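Each of the next two complexes has subunit A plus one other chain: subunit B in the first, subunit C in the second.
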Partner chain A sequence: MAYKPQYYPGSTSVAKNRRKHMSDDVEKMRDISDEDLTALLGHRAPGSDYPSTHPPLAEMGEPDCPVREVVEPTPGAAAGDRIRYAQFSDSMYNAPSVPYWRSYHAAINFRGVDPGTLSGRQVNEMRERDLEEYTKRQAETEMTDWGLAGLRGCTVHGHSLRLQEDGVMFDMLDRRRLEGGVMVMDKDQVGVPIDRKVNLGKPMSESEAAKRTTFYRVDNCAFRSDKEVIEWTQRIWELRTKYGFQPKA
Partner chain B sequence: MVRTANVSNKLKQVKIFPQRLLQPETAEKLLNELDQVKGVVRMLISGKNLPRKITCGPGTGKDVNHPDRIIIHVSGCAFELHVIVGEVLVEVEDDSVAEELRKACERALPFPFEMKRGYFIKTKPTLTDFGKYGFKSRTDETINLEDERMLGLVDPHAKLESNICMVKAEEHL
Partner chain C sequence: MADPRFKKAMEIKYAKEWGSNKCGSTAKSKITDKKTKYLRLGYQQNPRKVEMAKCGAAITKKRGLQAYDPKLHLAGIPMGQRQLTPYVISGTDIVCDGDDLHFVNNAAMQQEWDDIRRTCVVGLDLAHETLEKRLGKEITPETINYYLEVLNHAMPGAAIVQEHMVETHPALVDDCYVKVFTGDETLQDEIDKQFVINIDNEFPANQAKQIKSAMGKTSWQAVHIPTIVTRTEDGPGTSRWMAMQVGMTFISAYHMCAGEAAVGELAFTAKHAGLVEMGDMIPARRARGPNEPGGLSFGHMADIVQTNRKSPEDPVNVVLQTASAATMLYDQIWLGGYMSGGVGFTMYATPAYTNDIVDDFLYWGNDYAAKKYGGNGKAKATLETVKDIATETTLYGLEAYEKYPTTLEDHFGGSQRATVISIAAGGATALATGHSQAGLSAWYLSMYLHKEAHGRLGFYGYDLQDQCGATNVFSIGSDEGCIGECRGANYPNYAMNVGHQGGYTSVVAAAHAGKDAFCVNPLVKTCFADDLVNFDFSDPRGAFGKAALREWDRCAGERAFVIPAK
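For the complex of A and B:
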């Protein structure tokens, strides 16, 4: 029987969603074209060539190394792309992704990633074309609700704030907003205006967000309501405490 | 009308904390409703900053043009919102006004809100205030402010004119 990874314990909706995010078994919710995504990231002009930081690996004449023979380079590494970043902020009011789950999703399902996780945001560094593929996956699927999350390279404030009256997470730089029932974004992730208005689709309703979220919340699905999760969290805590205990110190 | 900020024990403060961050139209409506309540001495609005320009990152210096940074009118006095309104602190003459405040909030806010009583605005001048305004004279060591209601309404380093709105000022002269 083929091995099937078991990503996360628990039987609540949040636990199930967490498993879905980790295994990349996520539903596609919207289409964002490659050009639009490139404009939103703001690292290069849409349609332009990828700037490179070194020649393609095939031309470089790599040293004889068994590890290099075993590990196939990602398309971005093979082409010598620059390292670039994408950063998402997620509202604690039932946004679909906990920042940690964006990191898990990136680290488990993509290669050549350098995820950085903070309480309310998650930044990921990759080779440029790999980054675009990864960002597209997160931006188009149920991992992101553009009303409760945002692509924010800087001035990320919003995760722990109350929502605006229209149910959208506050954005100090007004990169994306609700217009005519859909989210639109007309600035790149650092707030520089772009030459287009990107349609990011309808935001999720409150009930749908509560159903798809990976946030445990007392007013939705409480962490303590899932006995299996508690059991495993305590077991791992106990084992790592014992492992870290050094009587001689 | 009292001319001092909370030096009397009679004055009370109320914090109004809505469930959502207010759009400018709702904030305008709420402030106008609160202003109609008799016994309100002063109000302080606070929330998250709406910067005019980007202050960090590669876009530094570019205009933000946030649609919520607009001019609103409260009792005929116009001022520009610099924040998305998150809470309103209201100082009232006595406790009996609190019920009227609650009714005003219910009229203006389409969602739940919390009201807390306590002291949220400073009750006496601090060293920084004395550094800014000084003493009245060599013999009078009270703060050199004609109207002590100004205290605590703005950061001591900010300009009074662009941050304080005097509603019906002529009635109080």
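For the complex of A and C:
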């Protein structure tokens, strides 16, 4: 499905990066195999069939419905896959993505996705095979620096903590770490050990992360410096306030 | 530029040893460092956790059934993978463990809520009118004094009319009493001092004048039933307990017939017609009657806190103390316990009363506004004013988190940061304008800016409460909105707002701090203007801190007197 580029105010590098993420105009930076990704997600054994919650839609004899005719099911929905999740944490020390932009990226560019946005984590829920496709997009592109982000189903603690001495975001469950100059992960997203050590590639250098981030920081690209974003935010607040006021004549 | 107010607390927390956490010896010592060494020392680094583990093991052995064991955390990965650091009680030198701020472990926090729930105000005037006009009794200061003498015998649970009755033991109910207050100066002087909350003595002169003017010549009883009763029963039980004892006392003190029909009229006027409860009844789906936290309005909560009466010269501190008492009650006890069924949202509330971060933000915002607009209450309550103070205060707070990574680590959840910055933005704006709606408006702009800057906000983005909040700030028609003072934990858009309700209360307090004697109800304000109330409502932070150190001794409702000594 084709989407138009997305709009967001601001002229700073952060604002530009935010527009890129919303438009899915993101650079691929690494390869992660399907099997490795399946192992990291931890929902099914790599190579096994997708468990299903209902028969394929084509076999279900669905009733006539104009909405069903208009909306083409995603592959996962058509097959009857379970809805599963992928959840990322992003450090506030210039991780490329931030929770709201992961949600915007998912909601704008993919179908059948239920994004949940928190402060320390962002969760997307989708049919399982759709989820794997989408998570691969996040995991392989500049949206994710595996040094400053992590796939964390639980115990997400880390986004606001100081970085480790090696520049990696803290993970209480030690799911992934820097080894030999690359990030490796040997537990799934909820911390259960897996049968492999997945190579997630080199972490970004500090300068590269600063360049690619969607996070405003006073020591990189200060929010204060992006006047257009601030003014638009104030405008939205003012319009919502006035709209709600509506004094009766 | 002056050091931020949180500097000392951050240094205590992150650059000094606590227990055996090795902060300061192996970790970097500067509170501005972006990197640190995580030692993964486990719970053993923390003395309180060790004490708890030992206790849990003893309980397991004694009862032959598994009890607390920190090694069961995360299938064998105990807490303490990062350094377990202490908390400084804001505005004090008290340093304690986080565990000591859980309301179960903190006697002062429990007593704060006990003291609110066990309290009601009930009018005397209607009862007196009924006695005089319907029953032909004469009311004089002497009869009132005798009535109060009898009532203070009866209210804790003593008999006054019948024979062969069982009674409560005074040692268990010594926190229970009734005092009166009135705007009638003559009556105030004529009633025995032991029974009077003297408005002129308890309030600064300008505040006393406001209170008496609002109250007129009416007279009221401040009733505090026994803590042990309110712990056994529930909030609605407070007025019922009061009503029974007040009714019986009138019968006894004024020598009335216990069965005559006119006594029914007295019962209504004495017990119910002039009743003011601390919290209103809330909808059946929330399953609570009156005097439970869900029905406690922000205005009442702000009036219950007494800092403004004792130290009006520091209105920012008034706001901060109110935020502390209110976040503890609304987050730790109401939403964290009653509503979620959980073990308490302690970490939602601690930023309001620990480590001086919100203090730094609010004092800064207040200074900014005071310099620009000429002092508290001087700024016009316009959208332009709100926009200015909210934006600048929010930017200051956001940048503080960015410049001082230890503050970001202390407020490790976005919910904590969002509330703290909004308390500062909303509080500074309300202080500047004297207008609670302006303060709430600033709260929402702060939330928008915060979300946009950091790309995240609080739990589930605070999408519900903080994205739609701006639209109902200035609408006060029924079902559209309400003035801040009368909003409360049950206000439709606020009912599930964890991490917010104490903040809203502080914004309401800010609109009046330092200049008004009360926020919304002079009766509630006066009722708690009394040092005999167990919890120190003029210094909630100090009480929390002393209790965390296990040094706070004003608790009530203990059963130790009637159980075997340990």
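The criterion applied here is as follows: the second predicted complex is superposed on the first by the 239 of 249 C-alpha atoms of A that agree within 3 Å, B and C clash if a C-alpha of one lies under 4 Å from a C-alpha of the other, contacts with A are read in each partner's own complex, and residues count from 1 in each chain.
Going forward, contacts are C-beta pairs under 8 Å (C-beta built on N, C-alpha and C of every residue); 3 or more make two chains touch, one makes a residue touch a chain.
These numbers come from a predicted model, not from an experiment.
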Checklist entry - If subunit A is used to align the two complexes, do subunit B and subunit C fit next to each other or clash? => result clash
Checklist entry - Which partner does A:H54 reach: the first (subunit B), the second (subunit C), both, or neither? => result neither
Next on the checklist: Quick check for you: in the superposed arrangement, does A:W237 touch first (subunit B), second (subunit C), both or neither?
Outcome noted: second
Checklist entry - Of subunit B and subunit C, which one contacts the greater number of residues in subunit A? => result C
Checklist entry - Is A:T117 contacted by the first partner subunit B, the second partner subunit C, both or neither? => result second
Next on the checklist: Is A:R162 touching anything from subunit B or subunit C once the two structures are fitted on A? First, second, both or neither.
Outcome noted: both
Next on the checklist: Going by the contact rule set out at the top, does A:K227 touch subunit B (first), subunit C (second), both, or neither?
Outcome noted: neither
Checklist entry - Does subunit B (first) or subunit C (second) touch A:G153, or do both, or does neither? => result first
Checklist entry - Regarding the shared-chain residue A:Q246, is it in contact with subunit B (first), subunit C (second), both, or neither? => result second
Next on the checklist: Looking at A:R177 after the superposition, I want to know if it touches subunit B, subunit C, both of them or none. Which is it: first, second, both, neither?
Outcome noted: first
Next on the checklist: Quick check for you: in the superposed arrangement, does A:V190 touch first (subunit B), second (subunit C), both or neither?
Outcome noted: first
Next on the checklist: Based on the superposition described at the top, state which of 58-66, 76-84 or 310-318 belonging to subunit C clashes with subunit B.
Outcome noted: 76-84
Next on the checklist: Quick check on the output: what are the common subunit A residues between the subunit B footprint and the subunit C footprint?
Outcome noted: 155, 157, 161-165, 170, 172-174, 191
Checklist outcome for this item: Residue positions on subunit A within touch of subunit B in the complex are 42, 153-155, 157, 161-166, 170, 172-174, 177, 188, 190-193
Checklist entry - What part of subunit B is in contact with subunit A in the complex they form? => result 18-23, 26, 48-51, 54-59, 62, 64-67, 84, 86, 110-111
Checklist outcome for this item: Seen from subunit C, its contact residues with subunit A in the complex are 33-38, 74, 77, 81-82, 383, 387, 391, 395, 398-399, 402-403, 405-406, 408-409, 411-415, 417-418, 441, 444-445, 448-449, 451-461, 463, 468, 470-475, 477, 480-481
Checklist entry - Once bound in the complex, which stretches of subunit A touch subunit C? => result 92-93, 97-101, 116-120, 155, 157, 159-165, 167, 170, 172-174, 191, 214-219, 222-224, 229-230, 233-234, 236-238, 240-241, 243-246, 248
